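Labels run A, B and C following the written order; every chain starts at residue 1.
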Amino acid sequence: MTEPLLSVRDLHVTFATPFGPVPAVRGLDLDVFPGEALAIVGESGSGKSVTMMAMLGLLPNATVSGSAKFRGTEMVGMQSSALRRIRGRKVSMIFQDPMTSLNPVLTIGRQMSLVMRAHQPGLSKKAALARAAELLDQVAISQPAKQVHSYPHELSGGMRQRVMIAMAISNEPEVLIADEPTTALDVTVQAQIMDLLGDLRREHHLALVLITHDLGVVAGDADRVAVMYAGRVAETGDVSPLFADPGHPYTRGLLECLPRLDARHEVQAAIPGVPASPQSLPPGCPFTPRCRFVVDGCSEAEPVLAPHGDTMIACSVFA
Amino acid sequence: MTAVSAPLSVPRRRVRPPWLRGPALVGIVVLTLWALVALTLPLWTPFDPLAPVAARLQEPSWSHLMGTDALGRDVFTRTLWGARISLPVAAIVIMSSVIVGTIVGAAAGFFGGWIDAVLMRLVDITMAFPPILLAMAITASLGPGIRNALIAMVLVWWPIYARLLRAQVIAVRERDFVESAHAIGASRWLILRRYILPMSYTPVLVNATMDFGQVVLLTASLSFIGLGARPPSPEWGAMITEGATNFYQWWIAAAPGLAILLVVMAFNFVGDALRDGLDVKEQGR
Amino acid sequence: MPLLLLGIASLVFVVSRLTPADPLVSIVGERNLNNPEVVAAAKARWGLDDTVLVQYSTYMKNLVQGEMGTSFTTRKPVLDDLIDRLPATLELTFTALIGGSIIGIGLGVAAARKHNKFVDHIARFFALIGSSLPAFWSGLLVLYVLYARLGWFPGPGRLEPRSTPPGRITGFYTIDSLLHGNVSLFWEATTHLILPAAVLGWGVVGIVTRLVRASLLDEFSMEYVRVGRAMGLRERTVVNTHAMRNALLPTITIVAFTFAFLLTGAVLTETVFSWPGVGSYAVDASRNLDFPAIIGVTILGGVAFLVTNLITDIAYAFADPRIRLS
């Protein structure tokens, strides 16, 4: 069994707010293996973005505890200068909104060269720009040598996201975290970007962590999936078994909400209730207010991940 | 909207409104005190601000908190009395400027076309001068005195609000609900009054508060030069002129200067807090 | 732009004719009213016996030729006076602008980086006082403490009372004395420059600090700043390359605004420090109701303002590629 690249155990991320501490992530376990595509699925507020960002040290206002190891090196509590060297170099992250992710007053070549030269000190400006053009070519941007000198506002949303991806892989990282990379894009462009990510993954043997709320993306492009709810993993496993036979009531609910071509729907299904708010969690399993399989034992203790068929689920009823 | 910031649904309750916090609170307290002083002073003033009451050029003491000036008048009393000039003058200047500026700016923004062009040219030309120079020129022309200085300041200040209002009116005019109001037959006047003006007041409010301090400064500056309030008026700028002549009797200039500083700082505090508080609401952050 | 110039001149004309008194008084001065020669000359030159419209066109014609009337107090043409005194003001305002901007930017960056911590509060307070102080009062205060009481700095004026200024090349005593190789005079000019420039500069610091801080804070919440950090850029790079580049854009605009402040402040500061520049000229003129001089300075002020705005617009176009390319 190969060693995981990223190994998260019992991660807690808490924000201090004027209303008291808010636990966004409450004991998360996760593994990312080399070259695989892991999807992290959840609603807003489930903590999926926060997990990755906290791990990389991008949330200075949050308290992070637990363990998150990259290749065996503990990142929680690491010096910010050391974390900086991992960010963009070993573990890269791209974000949702390509329109605002790029600085409007600098050329994209310059921005990419900044990222490269931050991690490869010997690299000259000229060499960095040349490499930037190569990368733009890899992400299928036409006329890369010319585009290197253009400004972000001259590019479309899809092109900008490609530039972000090029920037993210410019230092040959081992993990690429994509936080809702296609949410802000047109559907057709979405498909192109996902295809691009897939190609790059295979060419560079890159591990891809795909944070999304779109189950279609998960089904099409991910190998494994972790479903998050209220700051913890509710279910995790390989994509096909999970979709075929979801164990956790939340996952079942999510899949039931997907309109299907091969079934008739009278009414659009939805999971009753509202997503759990991290500030006011019920005792025991956080899904209890919305779960239709709930029994008394559910409110007593928070369930931990345990095997259920081909997947791992955190549920007192089904595990 | 960004996926990067903490994706938490924090309830929309404010902890404490910004106008009751820290510096803003200090500002409000200070200004309230000054206003009270200005209003009630004649009732309890220990000394006559205009007549000599003691030996000349005395250093500060317990009986004369900021000493006496070259004519034997109590400096502290005169300083307090100065609020009765500076504060009302500033209030009148600001209010008049806002009114004139609103009329001009709203007209320009709402009607557009040549009205806009002509009015804005006028605004541009007036704003092409450093305010103090223009105010000096106008006051000198009209004749020195606090009343003419007031007129001059209004003439100098109104373009700021004209520009502000015009920008607001234009921004609001483009909004959908104005179009819908138009479509159901609301008169232009009604739209202006009911929709556009109420939505424009926020930046005006913030600006006016900050400007209050600046007008106080300008009034004092004009008096310092000899164009505003004239002796024996206890206006702060005029007092500082006297203080300059009696350079070594530092208290004569110190008192009015401190008064100006306190008032202007207080307005700046309140204005800052107002801007922070109202801005956040506007942008829905 | 030329329309504005026209407008400025016209407005000043209107202002000058606002006087309830006979315009004759405002052109020759009370003292000369009894001098038939002077009166006749003035009437001829300014068309005072004609209608207002003719007076206006005469005024404009004269203005274009640089004729702004003769100052009562100095008895010299106003234009000459202005040219004479301009370098002193420029020396003072440039020093205040540059010094104040550097300190202001430094404080603004420090305040933004240590947002809401001690440094932030101190910087903001310092800036606030700078914006709230009446320049003439702080000048007096500074003079009193640092000159009269402590003797650390020389007194008012550009030089010691008995010193002779260097030969005029630029009109800047500091530069000119250096150009003449006169180091002791340079030192004297510089030490005399420090206090007024500092008093004036404090206001600049007030404006610039707040603006830089606010712009930077805006920048820091920008997505591309977060992306930069996520890509592993050093904080220094993030601040200097990403944030500052954008934050400087509104700062350029503010320079024009600061210039207005400087002209205002110069008027008052020059008075307190007996600095023989355009500002104190304006004040003397106001005190003496020397109308030609007042008019002349006002026109100069308007023109200077316009020029600064023009330069700012050009600079902005250079700095912001979005504007450049459109």
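Just a few scattered comments:
Definition applied: contacts are C-beta pairs under 8 Å (C-beta built on N, C-alpha and C of every residue); 3 or more make two chains touch, one makes a residue touch a chain.
Computed from a predicted structure; not experimentally measured.
In the assembly without chain B, touching between the remaining chains still links all of them into one piece. Chains B-C form the pair joined by the most contacting C-beta pairs. Distance between chain centres (mean CA atoms), chain A to chain C: 55 Å.
Note on chain placement: the centre of chain B and the centre of chain C lie 22 Å apart, centres being C-alpha means. In whole angstrom, the spacing between the mean C-alpha positions of chain A and chain B is 52.
Of all residues in chain B, those that touch two or more other chains are 2, 4. Residues of chain A in contact with at least two other chains: 53, 58, 95, 97, 100. Shared interface positions of chain C, i.e. residues touching 2 or more other chains, are given as 223, 226. Here chain C touches chain A in the complex through residues 222-224, 226-234, 237, 241-242, 245-246, 249, 319-322, 325, going by the rule given at the top.
By the touch criterion given at the top, residues 3-4, 7-8, 10-12, 15-20, 26, 128-129, 131-134, 136-138, 140-141, 143-144, 148, 223, 226, 260, 263-264, 267-268, 271-272, 282-283, 285-287, 289, 291, 294-295, 297-298, 301-302, 304-306 of chain C touch chain B in their complex. By the touch criterion stated above, chain B contacts chain C in their complex at residues 2, 4, 121, 124-126, 128-134, 136-144, 213, 217, 220-221, 224-227, 237, 240, 243-244, 247-248, 250, 253-254, 256-257, 260-261, 264-265, 268-269. Chain A meets chain C in the complex at residues 53, 56, 58, 84-89, 92-93, 95, 97, 100-106, 111, 114-115, 118-119, 151, 153-154, 164, 167-168, 171.
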